[in-house]
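After the structure tokens below, expect a handful of questions from me.
Chain lettering (A, B, C and D) follows the sequence in which the chains are written, and residue indices restart at 1 in each chain.
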Amino acid sequence: MEGLKLKLDDLQRVAEHEVDFQRAYKYRINVCCSSGCVPFGALKVLKAFEDAVKEFGVDKECKVARTGCIGTCSVGPAVLIEPGDYLYQSVTPEKVREIVRDHIVLGLPVKDMLYKNQAYFQKQHRLVLRNAGKIDPSRIEDYISAGGYSALAKCLATMTSQGVIYEVRTSGLRGRGGAGFSTGQKWGLVARAQNFPKYIVANLDEGDPGVFANRTLAEADPHAIIEGMLIAAYAVGAQKGYIYIRSEYPLAIQTLQKAIAQAKAMSLLGDNILEMSFKFDLELRFGAGAFVAGEETAILASVEGQRAMPRPRPPYPANSGLWKKPTLIQNVETLANIPLIVQNGGLWFTKIGTSKCTGTKCFSLTGQINNPGLIEVPMGISLREVVFDIGGGVPDGRKFKAVLVGGPSGGCLPDTLLELPIDYDSLTKVGAIMGSGGIVVLDDQSCMVDTAKFFTEFCVDESCGKCTPCRAGLARIKEIFDGITQGTGKMDDIATLEKSGVFIRDASLCGLGQTAPNPVLTTLRYFKDEYLEHIVEKKCKAGKCFKNEKEA
Amino acid sequence: MTTTGKVRVATIWLSGCSGCHMSFLDQDERLIDLAQKIQLVYSPIADIKQFPENVDVTLIEGALANEEQLAMLKTARARSKILISLGDCAVTGNVTALRNAWHRSDQEVLERAYLDKSDLNPQRPDQVPKLLVKARPLHEAVKVDFFIPGCPPSADLINYVLTELLAGRTPNMEGRSKYG
Amino acid sequence: MSIGTVKLKIDGVEVTVPEGTMILKAAKDNGIIIPTLCSLEGLTAYGGCRICLVEISGSPKLFPACITSVSTGMAVTTNSEKLKEYRKMAVQMLLAERTHICSVCVADEHCELQDMANQLGVDHVMFERNWSRDEIDSTHDFLVIDRNRCILCTRCIRVCDQIEGVHTLDLKLRGKDSQVIMDLDEHWANSCSCTSCRKCAKVCPVGAIYIEGEPIGHTKRKDIAEFILTRRNRK
Amino acid sequence: MSEIDNRRLLLEKVLKEHNFQESALLEILHRAQEIYGYLDKDLLMDISGSLNIPPSHVYGVATFYSYFKLKKPGEHIVTGCLGTACYVKGVEQIMQAIEAEFDLKRGGSTPDGKLSLLVTRCIGACAMAPSIVVDDEVIGKATKGVVIAKIKSVLGGVKAET
């Protein structure tokens, strides 16, 4: 099929052909081979399945597929058997024969190996991750048969660029990279700019420690990102795009490279896409270990081959971005929503989530929690539902203490705020941020002062050094923390932390500096007693501080 | 204030060159006016052995460099209503704090000063109080109410701050201080 | 093509300036001086020091005056209590960042950071100071760099690139570890591209780059970039 | 043809692929590091000359990003993930154990050049925290014992089973 130059009507045919082809199989065994499951031996499990179906002579009715992430990363390797969506957990090559024999040959699912926590999936709403774990990301046909690229075809065949922007605006979609700017509005700005060429940059520089949603998306459904970019390009009039991806994600890079090559071969990228007069080229750009490069203006500097130092806005990238040309910068999660919005209409999208915050959001759920993994939930869901219903609460009978929302520059929220609905505005109000969707749960053995110090250290390391507050200020805050956690803290320190935190938040140049004090300010707000305990009593209940860190 | 109705003022000399005290004296004829309103109850320029109780204003020159000074500073703080850092050494550490950037132990600092760099009769000092790890500005150890920066601060600035305080006003340092 | 004008208010005073003017310049041309450190006329704006932050009514954010252009109807406040407080804070952070001891510095009394502290009434630093101890590079015949005094304003880098045109200087590393370097972080004497033009010493706001044996008041020339640009453009 | 010549030829191919464009500096540094293992000053000077970018700029970019190595790394590389999830799950203790066991500090190498210990801020394997990477192999839910045994087996040249 590769190498075929697709025309508009061909898509449908490819999809039907592929569906027929897949229907020939009675079972489909999806083995998750994403970065989360591979270290647990997923590739060996895949091989074992391929061998076992042959051994039992069921290879004609079983399709063994190498797929992306299903989301239950803590119990990998995960295997999903369709029909019926039977999810097996912690599968080992030794157990594969049993599964094939009982489930496929005898038709009796192996109950004690099934993933038990049904609530994990019940409260989720998988739009962006619609195909994750269900299609083979290395086969474009899989994506097409799942309805892929039909939204692009719809755009090219029946919609004007303004029409596309209208649907996106109607959908109320907001940027999933963290700031939550209206996507439709942004597209409108770039579309209006009369300066050519225009560019699109897809942000896959997921630098937040504790976050892996974008990586998972790229590994599981790369074409959703590409299709979203194509539609965006059509809408704003761009002909060149870059996906900026962390070099720490080798599998995602590989998957995307392959996907781009396939799309090019099928004339879904390049000149005359789908035989229409629409042209779009796509290149990957690799990050190199700089968190700040995820910032909107820093990513531009990085794509241009410079030090990733942000610059003040205005001028906004919509007017003056890459090489001073209009540039649309969008997180890949935002882009993956686009095909659905085009396909189903903007109004359909507003029915999901809340009225001000439509749609869903992916969260990486980690820390002291029973079911860590990647989830996608409708906006407006409460923190409690995420932490306890989906996440299964804190393990080992310990007590929940705090939840960190929004990555290293997010906020530490106490149990009194568990009923808070997750949306951009509610989170900002309590001092946290949506960020790129990191949720880290802390139990009663965590020290909040130590936690705030850890995040400050992260931001000190990752500050680009351009502006005074972030560079010089955060380093001072870190020193104050060193003092407090080593026993030389003073009462004045609390006021100094608060004053400089507010200053850094207000006066820093970019989002990194502006949000970096969040962990400090929120822990001061909700866990002041722990600071006092450290300063006055020189005690750390959690036993994390007052160790001689600086030996020699 | 005491029965004399005068404001009780003390001055202390820690690790500094005494230049700030010189500047204090450089207030010249204005000292006569000051003397109407203040009583000097402790100072290196007066022969008083003990730091008294109930001091209204204490001006301190010099950085905090050793344990004896730390004890002195704490006493002064406890017995004074208003504590003022006088001059850059007290405000920033200044020259005294140059050793901080050297990042060496107190013993090495002493050896460098008394043995390596000595031209005549190098000898290990045995009466120097134990040095603190770093020479520090005063406000890193105790609460300081006002700061008069400068190396040395001008007599005018010292006079301005004292006059304002005596009049019950808060001195405004904007555009007045001469840092460094 | 005619350039339009823009009417706006700065500190309550109505001013009219050409379109595209930066707030800093618009204020200066109308007698309102906004304090700055990294900005220098004749060089591109950097927006790093955050001293020139101003308020624009209707926005909760603060804007660097050096790099924010005017727009019609804008009402700018340059000197509110909050801004003064923030400027003091920025100066304190700079003073605490490396080793600044004015009394032993070549730039004493000719230092823009020191002036700024005095002007704003910074009478002490609330943070414990970080005593940096970087090697002083005095290998060059007469140019010296003491990075312990550097405030990373990048004026030297910009003048080297934009006016002298050789780009000997740049920054290495990032964040608090950032340093001004010559070529591949060579000693100055080994720099293959440096033309020894002294412009970096002339624009350095502090005592980080200076000329050995020359009184600093004689070296410093804040208008050098603009001066050269004007001369170049003279037909 | 000597090995060095080969590497230079490979680099030249990369430079040509990118048409000597200044904007491809990051890509070129990535590839150069793949080819040479690390970026020493001669190499950076070469790239600076080839792309006609000032040396200080190339050096500035190469040192800004923590992924680029300017010093020769050890034969085997262990990378500890210091991301949030791993930190919460106690990766710090494992790192300290490695430092103590093999007598090296993070960011450094053993004197014999056999082993380097690096840190990274999140490899995105948070659900199986704490994670340690030993020569490109991710060890999830790592413990002191497992990691140290793994490193020893790698150093001993024995192919370890995982």
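One rule holds for everything that comes next: contacts are C-beta pairs under 8 Å (C-beta built on N, C-alpha and C of every residue); 3 or more make two chains touch, one makes a residue touch a chain.
Owing to the predicted nature of the structure, the values given are computational and were not obtained by experimental measurement.
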{"item": "Comparison of A-D and B-C (more C-beta pairs in contact)", "value": "A-D"}
{"item": "Inter-chain centre distance, chain B versus chain C - centres from mean C-alpha coordinates, in Å", "value": "34"}
{"item": "Chain A and chain B, separation of their C-alpha mean positions in angstrom", "value": "57"}
{"item": "Geometric centre distance via CA averages, chain D-chain B, whole Å", "value": "53"}
{"item": "Centre-to-centre distance between chain D and chain A (centres being mean Cα positions), rounded to whole Å", "value": "25"}
{"item": "Chain C: positions in contact with at least two other chains", "value": "128, 171, 173-174"}
{"item": "Touching two or more other chains - residues of chain B", "value": "none"}
{"item": "Residue list for chain A, restricted to those that touch at least two other chains", "value": "290, 307, 461-462, 464"}
{"item": "Pairwise chain contacts under the document criterion", "value": "A-C, A-D, B-C, C-D"}
{"item": "Interfacial residue positions of chain D with respect to chain A in the complex", "value": "21-27, 29-30, 60-61, 64-68, 81-89, 120-129, 131, 137-140, 162"}
{"item": "Of all residues in chain C, those that touch chain D in their complex", "value": "161, 166-174, 181-185, 192-193"}
{"item": "Parts of chain C lying in touch with chain B, wherever the complex brings them together", "value": "95, 99, 101-105, 108-109, 111, 114, 117-125, 128-129, 131-133, 148"}
{"item": "Residues of chain C touching chain A in the complex", "value": "46-51, 53, 61-64, 67-69, 86, 89-90, 93-94, 96-97, 126-128, 130, 151-152, 171, 173-178"}
{"item": "Residues of chain B touching chain C in the complex", "value": "85, 88, 91-95, 97-98, 100-103, 134, 137, 139-140, 144, 146-149, 151, 172-180"}
